[in-house]
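Scroll down for the structure; my scribbles are underneath it.
Which chain is which? They are A, B, C and D, in the order written, and residues in each are numbered from 1.
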């Protein structure tokens, strides 16, 4: 089984995945939860240590602000990971009740823009080059604000942020169908995100969160279209059955994940030089967090490994000949291939455990941190 | 305009609507939020004072536990409201991470059952006759637990609760499509709720929350079917665009609310003797809470007033004759009728303000409580 | 009630609405169905005669091909209507089993392109300036064809059609979420349609069919966004509960139709000079067809009339002040206004019947054509 | 790999799958399509000959009416297949425009009931014991008819049919979310179907069509619940992305099919003595029909084979211990197992081709029937 295409493929993990998260009804807590960015990085480093796949960690500002960035970077270096994308947060402040970059009040827009300038500063200090913006803005009631006015304000706010960014910075602009507002969101779909990116310039690209679409949406089509426009900047991987469920990627519809990775392979976008940042963005509400992250990166790797097994020549032939079922079966043959053994072999050959989840359980790490991390406040969430 | 059908029609409001609520991302706070059940009842009483429609208040246990129930009832009496349904809570305790009445651990099922016994005791002390159970139990991952095993445990747990209830008690069993779990919930649909109610006995009935269905579900059909089975116990009214958005009832799809109320009128279920408890269950995340509740009860009243305008004889004739558009238009004629003036007249005639929302704003109540309610912790949420 | 904004507002009706249509299960027939384009125009003219709103009729090629276009135009003139948009058809030929403009076989793409050239010729002969393209292409199975390859072929095919069009021609490009293919469609969303239009040039614009979206999609947001991009070319109005149900516009969610028309009014796009073509595209499966069309144009007019009642100054003030419920209520006040009487008055003042549906029933037209149209084959459908 | 659980497991195929089918837009035709029930059985027998899985064929009345049932049975015997369920048809007659068993006109209800009596007669003559009723009744417009009145008529009609059936007959009652009507259907969900079955008696059971649910519905939950009620009579297998797409089962979401079959295995319902009839009900619009059916039965077999690999003891332990990810992974391990080789071995051992689709292509059957079946009218469709 040829798995060379996996070489160089990595997945970025989010610092907030190790903190507590939940639903509006309840955030469950567990012993050993990290209390600061240092401990989050330590947890994240476990994922990389055991899978060899996750050597970058996204930070979330202001949750992950530290006094001494050099010190945090040194901590990361020691752990074998790097600082990845910087995520802004314009949803956890009372001021943002009616929005941030789209708020009708210019003073609050100013505050939200300035927060992104702060994030750009963090990027300069950490060496991060990706500013990821998830815009939580939206409306709950028809008429509450002008849909058009909000787009115009958004364009203006983004322009200022983009102009404040450096030449080596990318702006990654996420879209989301609904939540935390329920009548409309101000970037509800890939089309709106793309229009803003096109207006901004070359360094602005779209983030595709696999959980942020209407029921029935063909996500791999969007992946294809954004690649075709050279505007796919990053993924936020996770799984959904109903809404933005933020479950472990690949747990709800592994065939969809495979189809997405097949579009990636078809465009050679799994290679590092493609510039696509493959990130996780999930909640672990009831399961253990580090095993949840390990399983997630393995699921993405597995889907990619299967996508690499597609017999591209046979597929192209069947497609050209209009052999509907034949072409479909070429794809399904790759999907039905059991790649678990080959992936375990590959890990072993690289000095990694065959079964990273079991290796984590055996490591005693969870017990150790539960014993050590006493007192203080456990870090909590975000999606 | 004949509005006699409104006589005796009332809507129950939830105590938790006046506390803070929000999404998993943020709970916004406001000055003057109530800090205890007494203050919640005071807020709720405003709704009734200004609309004459909302003379019962549902409580939520343990949030609304007080030391002296007689004293709370006296407070309610003074405010002109009564204690309505008692709502149990089996979702805000770490023990319930894997469920409550369905939990694989019998000790946790015991705890959840005992909590419902406590609620029955509250009912005995407050004179409430409705125990409302929203079961938050469910799974996030396929295989996580046995779907079948959980149904059997649920049946057993409910049996014990039902048997512990008094002859004048009703069990109102709610269903919900998803959330707070995302692979499955243990009472996902009206069919499952009904099966458990049928197994329990005559005093168990179904709660229909208008936000707890899959996209596209015809809710008035379910209303009709539950009435046909004599098993519609109560409504939890609210609005949704996407998921369980918990917006103000009637704000997202007023025509749907009208269709629901038309089925109610067709079965004479709006009359108090029908036993259907018309309740609100909403979040007010960004809007003012008391005006939000006032608007909600007015929206339900307006939909009912329109439904009462349906020319039933003309409708029956057109239906019998297979006049598709004619029958539809009879319904639409009622819907398009502007009942606002007649409702304002009716309120005026009963000594109520023509415009209850404006009357509330003019009353200075919000300012007063903001000044008075200083210190302490504002009550917070639940859906 | 000021209804001046209605002046000059018209709705285009489709020739195929008067022929037989149905579902995959059954096409019901009725006496008097039109058998040719002449009879379709006669039926369509009834709608305009009774409502004064529908003076243009879209044609569908090849269904509406005639030998002598001058003669058809003269027939239309005599009836008081004009030829509107020309609709191509690339779905009712065995050749199009695997697609038309995206087909893997270049010979079939050629045939499909040539069909559009034929449509452009019809436009030249009828004076129509709008070529409406609904692309039925898509896939039923993952892997069946290359999603990316199909986009590239589509771009190429559209380029050729656009280049073959005249300077006074517009290309109206429709998108559709699913059907008649179920794994993917080649223009599934407004984003894809817009990207192709942007690539083509100024004379290419997007068609928004109100039934062609995923569940939960905020359609008025898309209306706003397309107007903001100056790329909203036309509407295909109809109603849906579940899929592309093609019911009478305004029958399923009249509030949504009102919100859409409110965005139109907010952008002054209801005025003829906006260039937006307001068209119907519906099926009348079980109801009478001419009354169904009359009701449809009246529903659109009614929604526009209500949207014109929005107190824009009060709305802007409430929005600016962040008065969530106040702003929402300004909108709802317009929606709750009963405009039926004022619209009847306006019709009467213009020499039109107060109740166009009743006037049609009283006219005996249906009986007349049922008696006259004997023999021949009734025209059948398309959506 | 232990595949003993497959012994005795069979799938019933529908006679109409071999005729032409399509969407409302187009029914594509192909050379060699069967023209009568004899030729349909011949085609169906190919599926069984090559897979050993499909020895029963459902008939559809009146499409499959023949003069001499004994002769048709003899033809079936010779082909190695039997007559399976008898499907009624109350949707392809102009009389049924407003419904059949629910029609407001008693004469049409009478006709529809009598049609089912005819189907019962066919059962007596063919030895079939299953009468499958898919009720296409519904409404397109709110108000069009009384939802409640229709339920009462339905109950009455079904009662008469049930009473006319023999003691060895089963009534299989299907539900469907929407289509061919779009405002409501008269049996929209499993709850409604079950209520009617409970009212009818022991021999009435529910049919679960995998394509007949709202988006996001957890189908395996319903499977479990119906089994728990001893009321799961049959499956109609197929796949969907959006609506009732009727694609090849397992092609859209193979993991869902696996989860369904896992619930089946958990309840031992895959064994013939369970009485669950596993049927296909699909359209093959653009793909070859016999290969489409072969692939479908293989997909169901594959899903069952995987479900049989679940380590039930490990699963039960992990579930009991509340090991969320551990339990999920036990299930996923079975799902990720590649069973293709073992299934091919098993086929070979039983004298069947390792690759039934390839064997069919090699057999020349398609060419033969295309040459033979000249003249006449190809059988067409229904879903």
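Rule of thumb we're sticking to: contacts are C-beta pairs under 8 Å (C-beta built on N, C-alpha and C of every residue); 3 or more make two chains touch, one makes a residue touch a chain.
These figures come from a predicted structure and were not determined experimentally.
Visitor: Among the chain pairs B-C, B-D or A-C, which one reproduces the interface of A-D, with more than half of its contact pairs identical by residue number?
Guide: Match found for A-D within B-C, B-D or A-C: B-C.
Visitor: Would you mind telling me which chain pair, C-D or B-C, is linked by more contacting C-beta pairs?
Guide: By the number of C-beta pairs in contact, the winner is C-D.
Visitor: Please report how many Å separate the Cα centroid of subunit B from that of subunit C, as a whole number.
Guide: 40
Visitor: Can you work out the whole-Å distance between the CA centroids of subunit C and subunit D?
Guide: For subunit C versus subunit D, the centre distance works out to 37 Å.
Visitor: Residue numbers in subunit B touching 2 or more other chains?
Guide: Residues 97-98, 140-142, 177-178, 183, 215-216, 218, 241-242, 248, 251-252, 255, 286-287, 324-325, 328-329, 332 of subunit B each touch two or more of the other chains.
Visitor: Could you list, by residue number, the parts of subunit A that touch subunit B in their complex?
Guide: Per the stated touch rule, the residues are 21-26, 28-29, 91-92, 94, 96-98, 136, 140-142, 177-180, 182-183, 215, 240-243, 245, 247-248, 251-252, 285-287, 381-383.
Visitor: Subunit D touches which residues of subunit B in the complex?
Guide: Those in contact with subunit D are residues 97-98, 104-105, 140-149, 151, 177-178, 183-184, 188-192, 194-195, 213-218, 220-221, 224-225, 227-229, 255, 259, 262-263, 266-267, 315-316, 319-320, 322, 324-325, 327-332.
Visitor: Going by the contact rule set out above, which residues of subunit B touch subunit C in the complex?
Guide: Touch list, subunit B to subunit C: 215-216, 218, 241-242, 248, 251-256, 286-288, 291-292, 295, 302, 324-325, 328-329, 332, 335-338, 340, 357.
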